[in-house]
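When the chains are written out, they are named A, B, C and D in that same order, and each has its own residue count from 1.
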Amino acid sequence: MQIGLIGLGRMGGNIARRLIARGRHDLVVYGRNADAVEAPHQEGATAGSSLKDLVGRLAAPRTIWLMLPAGTVTEDHVSELGDLLGAGDTIIDGGNTFWQDDIRRAAELRKKSIHYVDVGTSGGVWGLERGYCMMIGGDKAIVDRLDPIFATLAPGIGLIPRTEGRDGRDPRVEQGYFHAGPSGAGHFVKMVHNGIEYGLMQAYGEGFDILKNANVEALPEQYRFDLDIPDIAEVWRRGSVISSWLLDLTASALARSEALESYSGFVEDSGEGRWTVNAAIEEAIPADVITAALYARFRSRRDHTFAEKVLSAMRHGFGGHTELPPSESVAQPKDRSTSS
Amino acid sequence: MQIGLIGLGRMGGNIARRLIARGRHDLVVYGRNADAVEAPHQEGATAGSSLKDLVGRLAAPRTIWLMLPAGTVTEDHVSELGDLLGAGDTIIDGGNTFWQDDIRRAAELRKKSIHYVDVGTSGGVWGLERGYCMMIGGDKAIVDRLDPIFATLAPGIGLIPRTEGRDGRDPRVEQGYFHAGPSGAGHFVKMVHNGIEYGLMQAYGEGFDILKNANVEALPEQYRFDLDIPDIAEVWRRGSVISSWLLDLTASALARSEALESYSGFVEDSGEGRWTVNAAIEEAIPADVITAALYARFRSRRDHTFAEKVLSAMRHGFGGHTELPPSESVAQPKDRSTSS
Amino acid sequence: MQIGLIGLGRMGGNIARRLIARGRHDLVVYGRNADAVEAPHQEGATAGSSLKDLVGRLAAPRTIWLMLPAGTVTEDHVSELGDLLGAGDTIIDGGNTFWQDDIRRAAELRKKSIHYVDVGTSGGVWGLERGYCMMIGGDKAIVDRLDPIFATLAPGIGLIPRTEGRDGRDPRVEQGYFHAGPSGAGHFVKMVHNGIEYGLMQAYGEGFDILKNANVEALPEQYRFDLDIPDIAEVWRRGSVISSWLLDLTASALARSEALESYSGFVEDSGEGRWTVNAAIEEAIPADVITAALYARFRSRRDHTFAEKVLSAMRHGFGGHTELPPSESVAQPKDRSTSS
Amino acid sequence: MQIGLIGLGRMGGNIARRLIARGRHDLVVYGRNADAVEAPHQEGATAGSSLKDLVGRLAAPRTIWLMLPAGTVTEDHVSELGDLLGAGDTIIDGGNTFWQDDIRRAAELRKKSIHYVDVGTSGGVWGLERGYCMMIGGDKAIVDRLDPIFATLAPGIGLIPRTEGRDGRDPRVEQGYFHAGPSGAGHFVKMVHNGIEYGLMQAYGEGFDILKNANVEALPEQYRFDLDIPDIAEVWRRGSVISSWLLDLTASALARSEALESYSGFVEDSGEGRWTVNAAIEEAIPADVITAALYARFRSRRDHTFAEKVLSAMRHGFGGHTELPPSESVAQPKDRSTSS
């Protein structure tokens, strides 16, 4: 299939490569960075010199996949393409766009009979090799027409055992992609996927933290363990209830560096976690774990919060407590004074 | 190896079968329920008629694996065996014992030169086929001597890819078992494993809840999705960042029953979650996610908490708010009155 | 001062009475419910028969205070008044409006030279007697002009001790009202006020829950207390660190009914809690407590969540666990089986 | 009444002064620090030179109030006094002792017919002037006999309005002290009191944090407020739903220093918060808010957690994400790249 691909970063570049190598698709690519175009060009892609040029190189009905940072960059490209494309053409947004933006865009483009498909794409830098899990929103007919693209990018059944009881259900799901619903549904499902991801990551993080600190000086009878964290991560990969791909990655990082010295612990969040919490609130769902995971990231990026200073001020106010130097061990309560 | 096995329930029965089928070990079994003895007996195990009888059938140094409900039942058996066994014999506790009980028991048995090994055993009802992930606490020499048992029960490397960078590390870990440290270390690591499990499960649970409720009547422009939950669980198994064994099980349950009608939602907790939180507190580790997951289970078992009545009473006190009938839709705030 | 007052519910009615009784203000009132007009009319207010009639009875520059349910009702009134009022007139929204709506409305009305003032009003049904705490957003000059209204509604210094170190600061604050900033600032501060309120309420609720359940059958040596909850609430009002007005209300409710039988425990939320969490997220502030308090309310309104069914399904999947009947006591782990 | 008082720190010294000044009690004091004895001595107390000497100066039946740091110090004093005192004498522990220690101690002392009374004492450094709120555990007859002590230390009714509906109830409660139940009950109630205190403090802290950060550079249209935090704290004291003594203290601290510069934000915890969470877990009560408040303190004392490094390592693993320098603004998601 002929596909225009815009955005050749970490994700876009790999998608281009997979589309060419596995699908023999006919790619026309464009990226802001001229160097980034080089690699796909080598592998057989045509390079457009501009959005307009890229559009001109595609035969109608055109299909253009955007793989750009969510937010303004994607928005601007969709907007510009809205002017360049014509009736029957399709824009696919494969990035991490906010699903309500999809709904708005789809409605606007529909006025020009341009189709819009939102694809939540999971797989990270491993997708090139493993394939991408895709959650797709948009009109069914269009999604069906684009099937060759998704089929190429998806991992396929591979070695992952089939789930019993799925006979009669859409077989594409087992290939690793599915049509979630109307516009926005793809990114909505991907958003929740990432919200879950936050929760999973934090659960592992807390567990390893507890293991790492199992040697408490003040409680030498009980907390006397110097545990081998890399070995624990590895052993859990094998037959335990909590084996997962995220654990695989953790085991791998720990095998390289037991103390993870190269990481400081400032953890970014990329939008989906926030949107998931917003959705939970609008649906009145108690999402304690996902939210706590998000907040742990917020906190990781602060030196101290104003909240903490307020606490210290109150403690000083009612009990005359003064703060202890942070250098002192924190595991045990410092102040068992009789006040408050 | 000759092994005594006490406890032939869901887990113990499977362990017996795996030890016989895969390891050709010589098993002497005992279970409270005479019927439970029948199956292992058929497969070649000798059946003891009592603890004492079982001990009598083993040649010194004896090895006895307990697979019993944690708490009083296990405690009583350890205590009784402490009287029946002699110097050089070994008790293995493969159940979900509280790790501080292990420390105490090991110290007591050591006085009689009886060895005590605590084994955190993960794998659930699937262990028979998949093998068990084992985390082992106790004296290294004894753990090494028992290696044939662990090697048989463990999953082995199988199809799970090896983690790079582990060369030179203990190869048993890749087989799915490892020596975590002195007495208690095995169950400590297993306890944290289960704490993580709580967090992972709740993260998935919340995510699916948000997906399930993505059709909000009061917000029809945005929350208009009727999502196919079984398909979502399935597609995430394939190439996504959040693929895991727990997700496999969820996909399987959803394939059988989309709405999970056969479950009411009362969720038990089995001790390890609580102990993990206690450990976090003693180590002063912020374990927000694991704790929230535990509390969600507590809450699932209550009709209403007294806390909630207190809230209602306060709201009535300051704002004259009266409670709305629960039958009304809950997704949107009911009371946007101007008070408080 | 001449004031138009629209909305004569629980809050609006009391505000009318306080404005007349304490401030000798000249009130023109209007409420959808004709009966509601009766009381203020008796006390000296003029009653308008419609919005238009009310506007006609006011001399320019007019001041109209809206005390209506936030959302559509208030929005519609602001919109209609925008057409009826003229340059120099002022609309005060004293309800629980979303602060971003204030920003929008103020900008729209400014085009017609109509002023808009947002007033977060706390005090509930007690405000008539105690006075209202007010947080005000809008142009300083207008807020200053309206001072006689705020001065009447505010509690005044009364018996509440002055805070040292406030010399030279705005004395109105000590009267119980203050100009928070530009449009939206009043409701923003009130929103956070309510977010804090959620957290405070939940903290008390949880504490009383722990006290109420201090008699645990399974742990009779330790948890053997039948505590007098009403007495505890009362004693804490007197000299303790956690004395507060919310505690006063709780003590009062408990004095009437020890078990709070008249409350079922379905707890509504009124918007501000949700918005506070949204604000926390947009500011990247970890607001764990306020959010947990909001979620506890969400959960209180559900029988069971889908999340909980997912947990049960997973537990059944890996451990063969079946749910226990909810009638069984929940305090202790039910299932210490050896699996998972 | 004749009272022995041991421990003359921040709390004990004030208790001595209040007992002498308000109750004309006959005090015999002892403190490790000879200087600390000086002040009460000046006001009329007799000073003992040792525990033994203090005991010798008291007439049977003796009453000794301990006001010492909880844990080893108090334990050692109780133990030593157990040897020095005789049948009919009473030890009062007014510190922040763990309630299960009370149960144990009371049982041990009962063998010698020595009474033990546990008193949870709230009021902090303000108790001298305001009086102390006391929650008392022990035998009713003994608690009644000690009433003159409690009556002197308690705040009395003062200006705090009476709660309606308490007629016929124990009038001591309104004075600010009450008999909670058997040994341990006093400290149990005090423990939960402090747990609630943690939750309240954190709720305020988070709220002020959100207010403090209401000026978000990336969202200038909405988050454009430079709020006056000291004024907000002050205005909420007057007529708002969230007025409280903790808020009074906060307003006071903010009036002295708007940015609370003298506090770094390392927040200690003193044991009761941890024990409250432990109790919640043993009772299976979801105590999300109190626990989150405790964890916020734990987190405040860490530079970075190992959990956070694990998160960073995972993010690097699946998405090639590298950490951003902490100096960059944290309010908005940094990484909206398309991966994961």
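We adopt the following convention: a residue touches a chain if its C-beta (ideal position, glycine included) is under 8 Å from a C-beta of that chain, and two chains touch if they have at least 3 such contacts.
Bear in mind that the values here come from a model prediction, so they are computed numbers and not experimental data.
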| item | value |
| --- | --- |
| Chain D and chain C - chains in contact with each | A, B |
| Longest centre-to-centre distance from chain A, chain (CA-based) | D |
| Cα-centroid distance, chain B relative to chain D, in whole angstrom | 37 |
| Cα-centroid distance, chain A relative to chain B, in whole angstrom | 29 |
| Whole-Å separation of chain centres (CA-atom averages), chain B against chain C | 43 |
| Multi-partner residues of chain C (each touching 2 or more other chains) | 122, 124, 197, 202, 204, 206, 209, 213, 241, 245-246, 252, 274, 282, 284-288, 292, 295-296, 298-299, 301-302, 305, 307, 318, 330, 340 |
| Touching residues (chain side chain B, partner chain D) in the complex | 241, 274, 277-278, 281-282, 284-288, 291-292, 294-296, 298-299, 301-302, 305, 307, 318, 340 |
| Complex contact set, residues of chain A against chain D | 7, 9-12, 67-71, 94-96, 121-122, 124-126, 194, 197, 201-202, 204-206, 208-209, 212-213, 245-246, 249-250, 252-254, 260, 263-271, 274, 288, 292, 296-321, 323-326, 330, 333-340 |
| Complex contact set, residues of chain C against chain D | 100, 103, 122-124, 127, 130-135, 154-155, 157-161, 163-166, 169-170, 173-178, 180-182, 184-185, 188-189, 192-193, 195-200, 202-204, 206-207, 209-211, 213-214, 216, 219, 221-228, 230-232, 234-248, 251-252, 255-256, 276, 279-280, 282-290, 292-293, 295-296, 330-332 |
